[in-house]
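Same chain, two partners: subunit A is paired with subunit B first, then with subunit C.
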Partner chain A sequence: MNLQDLKTKAQKLLESNTVNVIIGYGQGSGGEVRPVFIRKPADIDKLVLNDKCVQNLAVYLTKHEIKKLGKPGIVAPLPVTRAIYQLMLEKQIADGEIVVLGIKNNGIITELTDNKSIRSFISDVPSELTSEEKARLSEIKSLSQQDKWRYWDEELSACIKCYACKSSCPLCYCSRCTIECNQPQWISVPSHLLGNMEWHIMRAMHLAGRCVNCGECARACPMGIPLNLLTQRLSEVIEKTFGTSESAEAFYPLSTFNVNDKEDFIR
Partner chain B sequence: MSEFEPKIIAFVCNWCTYAGADLTGTSRIKYEPNVRIIKNTCTGRIDFMMILKAFARGADGVMVSGCHPNDCHYTSGNFHARRRWIVFKNLLEFLGFDTRRIYFSWVSAAEGAKWADVVNNFVNNIKKLGPFEDYKNLNPVRASLGVLNESARPQN
Partner chain C sequence: MTERKIINKASLDELFNKLKSGGKRIIAPRDKKGKIIFEEISSLKDIASDYIQTTLSPKQTVFPRYEEILSYQFENRNIKIDKETKKPVPTVLFGVRPCDARSLSTLNAVFTWDYIDTSFTSKLENTTVISISCSKSDEYCFCTSVGGSPGDTAGSDILLTHLDNDNFLAEIITEKGKAILLSAPELFSDKDKSASGGKDAPAVEKEKYLAHVKPYFDVKELTNKLTKLFNSDIWEEQSLRCLGCGTCAFVCPACTCFDIQDETNGNYGERFMCWDSCAFALFTLHTSGHNPRETQAPRWRQRLIHKFLYQPERLSVYGCVGCGRCSRACPADMNLLEHLVEIMEAQ
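What follows is the complex of A and B.
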């Protein structure tokens, strides 16, 4: 990929003081990549760009430690750019307060400085589930109710409630999550199936229609639970029932409604 | 051993279904006593976490009811609620949760008779389904204590 191009663009941004910090991927241990936060133009060679650069770096944008560093520039493959756009819609990032180095799948790097350019950048590529993802979903949907319950019992009983799914998700940015609430205690604390089930239902519901399907939760999960299946299923439902969001304002399908929403179970 | 008496929690809105249930009473229509009614300001207030909490605390069925579309006291609360329920019900179905245990309905303040019908039907259905073992067994601690033992339930 265009590592040299990326470095040149990032260096220029830092040298011209357009941004104060570049959030990107750097070399980690054991051949892995890790996030790097580059504040000096001389350090720009720390950046790497390869197939392993998949972590959703947008998660750092809402952290106060990172906000303190000043205006960020961020290395953003397509899913990351989508997350950034969603954060902008949700007023978590002000327009013009960030420079996105958007990377398309063909490796071309584009400098995006405002909401509008980010929007046109991501709308070029439709956000759809891949055919494998769709196949996996319909495989589960075709199970009987009891088999589904058993399947999720098995998957979710592995959960150790480390909340890596929450920490790694760029859209789980609430400073106080319901999970931390103990008056009342909404979700049972120990990592047994009841609490696990409640937690994952809640997580999926709170991400319904906002999730950009970057898959970071499933990648971050140390127990290998395919958590993104839940949010993928909800995106599918929302798209089918409510249609794709008609306007940019309708950033969150559950914050709005249509008088003609169709259902068949409320009698 | 007597017949299984299910524990049903009903989340209703203040303006329609609660008044409707009141009308059922003042009309002296008798209905199944298994239902415990919890009044909320509006269906828009009924968080899905409340439904999960009811099941976690041993409910065998949960009813959710409010004003008919276009009749909401706050104009749009039930429209928001409807969207949430559509998403929530689909999520539960995907998880293999037995959605026959949740009953959504619209009952207006004038539909006292409908409320009695809705409750009676739902209670009968749940009686046929039996206790909600699937969910009760999720909690290994409670399961080992013999699930429905009231005194073993943590007070909160």
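What follows is the complex of A and C.
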């Protein structure tokens, strides 16, 4: 990937005061990468770009600690750019409020400064599941209802309710999550199976049709639960039922009102 | 005085059988789809091998991730409380690392501080700890900076050190350890019998078989340093990438925060004690809506100052044993050791 080009572009953005902070990847421990927040052009060499740069950095765009740093520029591989676009659709980021250094799989870096260019950048490359993800999904789909239940029963029993799934997800930006609403307590706090099921089903439902399939929840999970399979399956259902978001500007099915809606009750 | 013996793998398996038939359950590290978790095992072959550190710590044996502490029933205007004290299952906690064995004293210090939590102490009393010294370590380990070492005996009842393929040095450290030895003395020997010119247990140079974990800082200096850094900018800078999840606290062998939750269904309800974390937004949120730790920076500061200043000051224990789990598990690579070294260097 083109690290030098990334550094040049990021440095220019900082030097010209176009942005106040570059959210990117830097050297981490264990040979991995970690998020870095670069505020001085002189620190630009801290940026790293390699195939380990997968954490979805868009999660930081809605954090108030990061917002306080000023206008951000963000290093954004495709899944990150997709999350940013979804945040824009959901009015969490205003048009022109950020600069996206979009990176396609061919390594070419494009500076994106508005909603429209971000949209055209991601629409060129359809979001597809990896063959491994497809295989796992169809494997689960082929199970009987009872076996599906058994599968998730076993997976979710391991959940310790650390909420790394929620905290690492760029689209879990609610300032107060359902689990934090405790008068009354909507979601059971103990990490018994019922409480874990309540939590993960609720989360999957809230992400239905919004999940950009970056896989961050599963990567963040310390117990290795393949949580992304839940939202991936829901994305399929939503797409089949309501159509895809590729067809129209600023469209996401579960919050769109349409006078020609095929359902009667909504008109 | 520590007694030294040799035990081989076959005898160890035999020991497991004896312990089980004597009514003890054996909890040991198991490989579950690549995550190493403490669970009940039936024989030596169930135990995971070739890992640096388990994913979760063994603290769940004495401090479960959630536990029912009582149930209640409303009967007209009365409440009937059922606080049935469950008798803990006699347990052998096998294969823990010396750092984890050490963490039990931190847990104990918290749960017996101003109130004796008998649910915890009864479990601890019924647990015998058979640890295994570390022959390997990684860049996240720092036990030697916080008072431990790869062959540390503190907190263990018996400490095993792997000598070769078949044999372990067994250091019998406590009365509980001695009881295990006395329950099956024929399984322990003074000399490694398998090889010609075998090793004499008392003469084994244990150090030769241990990992080398470099000391990075003096923990007393760190405590002292923290007294001056409360208002430092370092907390905000270090916690920028923190996502506010509870992973670090939940994998930590020495974190003790818990939440009390009532789950009511009609006239009946259960009260649970559940793991909690200082990284959560609800941490120290007052009923008024005010939170003295409103952002991640003061929560992160609390985490470190609690472990390295408040706990040694009040309880004479550190809240960290240098196992490195939090750093390995953090989805945003909040490397604890690196942060502590940075604090030592801070002005």
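As a convention for this text, the second predicted complex is superposed on the first by the 245 of 267 C-alpha atoms of A that agree within 3 Å, B and C clash if a C-alpha of one lies under 4 Å from a C-alpha of the other, contacts with A are read in each partner's own complex, and residues count from 1 in each chain.
Heads up, the rule we're going with is that a contact is a pair of C-beta atoms (placed from the backbone, for glycine too) under 8 Å apart; a residue touches a chain by one contact, two chains touch by 3 or more.
Note that the coordinates shown come from a computational prediction; the quantities given were computed from them, not determined experimentally.
Asks: Which partner does A:192 reach: the first (subunit B), the second (subunit C), both, or neither?
Replies: After superposition on chain A, A:192 lies in contact with both partners, subunit B and subunit C.
Asks: Please work out whether A:43 is in contact with subunit B alone, subunit C alone, both, or neither, and reply first, second, both or neither.
Replies: neither
Asks: Regarding the shared-chain residue A:158, is it in contact with subunit B (first), subunit C (second), both, or neither?
Replies: The answer is second: A:158 touches subunit C but not subunit B.
Asks: Touching A:34, do we find subunit B (first), subunit C (second), both, or neither?
Replies: second
Asks: Considering only touches as defined above, state whether A:97 meets subunit B (first), subunit C (second), both or neither.
Replies: In the superposed model, A:97 contacts neither subunit B nor subunit C.
Asks: Check whether A:223 is in contact with subunit B, with subunit C, with both or with neither, and answer first, second, both or neither.
Replies: So A:223 only meets subunit C here.
Asks: Which partner does A:143 contact after superposing on A: first (subunit B), second (subunit C), both, neither?
Replies: first
Asks: Check whether A:241 is in contact with subunit B, with subunit C, with both or with neither, and answer first, second, both or neither.
Replies: first
Asks: Shared contact residues on subunit A, subunit B side and subunit C side combined as an intersection?
Replies: Correct list for subunit A: 185, 188, 190, 192.
Asks: Quick check: in the complex, which residue numbers of subunit C touch subunit A?
Replies: Those in contact with subunit A are residues 32-35, 37, 55-56, 65-66, 138-140, 236, 239-241, 243-247, 249-251, 259, 261, 263, 272, 274-275, 277, 280-282, 295-297, 327-329, 331-333, 335, 338.
Asks: Note which residues of subunit A are touching subunit B in the complex, please.
Replies: It comes out as residues 140-141, 143, 145-152, 178, 184-186, 188, 190, 192-194, 197-198, 201-202, 204-205, 208-209, 230, 233-234, 237-238, 241-242, 253-259, 261, 263, 265-267.
Asks: Along subunit A, where are the residues that touch subunit C in the complex?
Replies: Residues 28-30, 32-37, 55, 59-60, 64-66, 158, 160-164, 166-168, 176, 180, 182, 185, 188-192, 195, 216, 219-220, 222-224 of subunit A touch subunit C in their complex.
Asks: Touching subunit A in the complex: which residues of subunit B?
Replies: My answer: residues 48-49, 52-53, 56, 69-70, 76, 79-80, 82-99, 104-106, 118, 134-135, 138-142, 156.
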